[in-house]
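Comments concern the structure below.
All chains are identified by letter, namely A, B, C and D, in their written order; residue positions are counted from 1 within each chain.
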Amino acid sequence: MSDAFPHLESVVKEIADEMRQRPDRGEVATYIPELARADAKAFGLVVIDADGNVAAGGDSEVPFSIQSISKVFTLTLALGKIGDRLWRHVGREPSGSPFNSIVQLENERGIPRNPFINAGAIAVTDQILSGHQPREALGEILRFMQFVADDPSITIDEAVAASEQRTGFRNIALANYMKAFCVLDNPADYTLGVYFHHCAIAMSCRQLAMAGRFLVHQGRVAKNGSSVVQAERARRINAIMLMCGHYDGSGEFAYRVGLPGKSGVGGGILAIAPGKASIAVWSPGLDHSGNSHLGRIALETLTKRLGWSIFGA
Amino acid sequence: MSDAFPHLESVVKEIADEMRQRPDRGEVATYIPELARADAKAFGLVVIDADGNVAAGGDSEVPFSIQSISKVFTLTLALGKIGDRLWRHVGREPSGSPFNSIVQLENERGIPRNPFINAGAIAVTDQILSGHQPREALGEILRFMQFVADDPSITIDEAVAASEQRTGFRNIALANYMKAFCVLDNPADYTLGVYFHHCAIAMSCRQLAMAGRFLVHQGRVAKNGSSVVQAERARRINAIMLMCGHYDGSGEFAYRVGLPGKSGVGGGILAIAPGKASIAVWSPGLDHSGNSHLGRIALETLTKRLGWSIFGA
Amino acid sequence: MSDAFPHLESVVKEIADEMRQRPDRGEVATYIPELARADAKAFGLVVIDADGNVAAGGDSEVPFSIQSISKVFTLTLALGKIGDRLWRHVGREPSGSPFNSIVQLENERGIPRNPFINAGAIAVTDQILSGHQPREALGEILRFMQFVADDPSITIDEAVAASEQRTGFRNIALANYMKAFCVLDNPADYTLGVYFHHCAIAMSCRQLAMAGRFLVHQGRVAKNGSSVVQAERARRINAIMLMCGHYDGSGEFAYRVGLPGKSGVGGGILAIAPGKASIAVWSPGLDHSGNSHLGRIALETLTKRLGWSIFGA
Amino acid sequence: MSDAFPHLESVVKEIADEMRQRPDRGEVATYIPELARADAKAFGLVVIDADGNVAAGGDSEVPFSIQSISKVFTLTLALGKIGDRLWRHVGREPSGSPFNSIVQLENERGIPRNPFINAGAIAVTDQILSGHQPREALGEILRFMQFVADDPSITIDEAVAASEQRTGFRNIALANYMKAFCVLDNPADYTLGVYFHHCAIAMSCRQLAMAGRFLVHQGRVAKNGSSVVQAERARRINAIMLMCGHYDGSGEFAYRVGLPGKSGVGGGILAIAPGKASIAVWSPGLDHSGNSHLGRIALETLTKRLGWSIFGA
């Protein structure tokens, strides 16, 4: 039981119950069959507080495709490898509408706006890949995820990766567009191979909340735990999550939830209450911006009840 | 002397001294002569903490043209008048590049992306104006500013307003573009008249920091002071400031400073450390995104030294 | 009776009859009530051949609002006044989609792509205006039209002009956008006043076909008639008409009709068969690109039957 | 000696001489080494009149890389194979600025604006490929070119094709972007393989002028020669050449030269004077729109001296 937040467990259970009963669920992503098969009724929520207490509700142990949430971890890894040189290949400004991604590549010399839009995440992956074989780079990403989540059982869903690779024409276009501007260093199909695979990592809410802890504790896995990144870097990753973590719904998420977060089209969201908790939620139905519909509502409810908004307790 | 932050006063003095000695000052805005005349060497900083202690450094009493910072207050006022109906006329997503403002009006049925880009602030002003004469609406805005700053001496610089009105072709274009989509309710020149005038309000750092207090204290002017807006609304205004407060440099400001803030081309920035302090800084030289160059650096230094980033203490 | 085209009169009558019987008529422009009142069943066609023979069919004597067709004549007039200096204020490339007009102003320093999109025509009008009062400039345009049409009875429909002026927010936006880039020399409302009025000139098909003759005869009103412009200039105006004369349907018009032409939202089209004939057609129903639906079909039929395409007899 | 144009041969020689002496030559394309090696001083001009007389000047027998000029022939071939169904995959409107190509794909559901911008030519090639192996499709294109030029010696420059394929990231991006919208039927690398190879066809001015004859004679290779396409189709291909044949310089070419034409970055231009002549010119230096600088000037001079503009003799 959490000392700092004595009712945490009951709040989490309550929210999981409320969410299960809501009829509005958004639309499950259908662009690949593996995602389309997800159960629209699934809902999971896990909160790990500053003392390491775990409060879980709903389908908290069911693995799902984390998709774009992996971009938080590849960003962390790439910054660890090459530091601020990363910013020569990708910006850190919000991107406006999805419409803009390719227009802004054209206008801004092939440099994607931030590490969380597809083009930007591909550019980040390309930097992790440099000097390695795709298989090695992918191994490094997976091992990093297992390390921060403290769970060696995390794996990649190969069927999802293969499906993405078969149908990812828009990502192939983005990668080659960046190649035309010399923003990528490696062959586009190498970089995309790694990218499609790390987006296909499967994790449960519990595993994901574990993986997010270093962003709660100024870069450490726990209050006095081992350091993953420096405090300043953890803060800055949180800042980028807040600004750019929910596609064209980032403003809406900041406005309603008030926490740094990153969503994926698999229906997961990782949210960070700095100094307070790491939170993972999952519900496959998406809103019109491509973010988990119930996931966002659950997080809005949670931050309100616990007073966790970074914009004023 | 501040109890919560015992060294606040000395930190503020130190930063003011450091900033005065820096040779890099950015470029003073020159599009109207009244702004071009500003002293590039000026620098002021005022922090008012949660207990109401005031720490001031540099040119803290010199009035300057607050320009776009006024948009925080017109947003607050408009939300108070018509509540969430405001969001029919303006969005709350970051806007990407300045390039996008007019493109996105075209793509998004004339609805500006957020209340802090020019088009959005014009749409907000239009809602304050509705049912009133321009002079009345302007009086209401000015009185609101005097009220939140607790200072009836705040005035509008008529020369600045007149200059803006003479040369504001781009804003006239934006307003008429929105008229074409029926997003504005009033004659464009009425709305623009009010808009140009509220951007021309002149305030010192001290007055501005005073005016920002209600965003620190969940909508109250002081810890147990009178309420300006509800707590949730204050949080949400802070969220919009973080996402959209610095034009195309909003991501950079979040990344480096980690506080909600709003800048103006007059060189001022209002920043809010929720629960901790209201901060106003002024230095007329601008960076390439149009935000005060030294102002941003001073705020970055301040939040680092005091551990005030909302992304992790 | 025409010597060069002995069947011209019967071809014109036939086409007028065929067009009257077609059920498909497009949509009459409704953005101002004066245009919305036009009779969707109206159809007129006049061809004046190289020898000055006039073949008329349908409602050939009914005046209609020529709207954008006036831009051919303001272009001619502006080139006469300031020659190639005009091209500092406007380009002569096709503009792609209507979507682009404002985007390209942004991208291309406020210089409109060509004299036939609204922004470009406003820039041309601004050059005619320079040094004059709006009333004088408008008088000059009207007198030029009366001269080339050899008909002093042509007038401006003041009700149309007033309506356009009341609702022309998009044009006001375009004009002010160009002002922001210093592309216009005169006050925007002066230039727009002249612009809205010359678009409101009312002419019949017969008058319009008369007015187009100088583009048939290398700049002369008839084979050996008086010269309006030099031969090279007449050719070049024809070239611009072909490239840019039908908004986003210019490619379609060139592909199907194969003649330089200029349409207006009043449902009129002026088409030129160089060396052969000046043609005016009118039917108020518009296609999705804003060009007269039956007008275009009539011209396609006419050029096929007479072998008048400039792309191969 | 030409009967219709008795001075044709001397005019061609004169122009070739004048061009050789001009110091302004534009910039040779350098994006692949094979093109960069072209002699900036080279100039060739061949005119074949309606009677089949050939007038040649300068380097009229030197083969060069025809690049985008091949798109005229793939368009002709694709229309012959699937007729107007082609227009489901590509439009026929001018494209505005090069900037627009990818933006308009985004805005217009992946349908390229016309068959002469890269995306459009790739879509056309994709339709020729359908049901065939790349090698077969390429063979068909080459044989068609040999047939219309009446010259079985025309070949593909494999070094150019290989170089394009290695560096053509932007084209790979465009093709995959269209794949994302289901506009292409075949694997992108198959389609691009054929595309890069037909752009690498090498021809002399004489061969190219021969190949263009069917566009002069309403679809026949000579006045009473065998038919390549129907008369209407030949006219329409000419129309598309006029509207879209010179990238963002199409308006300029129509304005100055007044003939349908298609240029390539190898420095060649094929121009058609309907009913009068097929013209090929070559000079490797390009203007800022990517069209042969001297080639355009030579054609402007030629049409003026011979009165061949389609916009008025």
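Quick note on the criterion: a residue touches a chain if its C-beta (ideal position, glycine included) is under 8 Å from a C-beta of that chain, and two chains touch if they have at least 3 such contacts.
Note that this is a predicted model, so its numbers are computed, not measured.
Placing every chain at the mean of its C-alpha atoms, the farthest one from chain D is found to be B.
Taking shared numbers over all numbers used, the chain B to chain C interface scores over half, which places it in the same class. Rounded to whole angstrom units, the spacing between the C-alpha centres of chain C and chain D is 31. Annotation: 56 Å between the Cα-based centres of chain B and chain D. A separation of 48 Å divides the Cα centre of chain B from that of chain C. The multi-chain contact residues of chain D, meaning those touching 2 or more other chains, are 99. The list of touching chain pairs reads A-B, A-D, B-C, C-D.
Here chain C touches chain D in the complex through residues 91-97, 99-100, 104, 107-108, 113-114, 215-216, 218, 231, 234-236, 238-240, 242-244, 248-252, 254-255, 258, 260, 274-275, 304, 309-313, going by the rule given at the top.
Listed in rising order, the residues of chain D touching chain A in the complex are 99, 102-103, 106, 169-170, 172-177, 179-180, 188.
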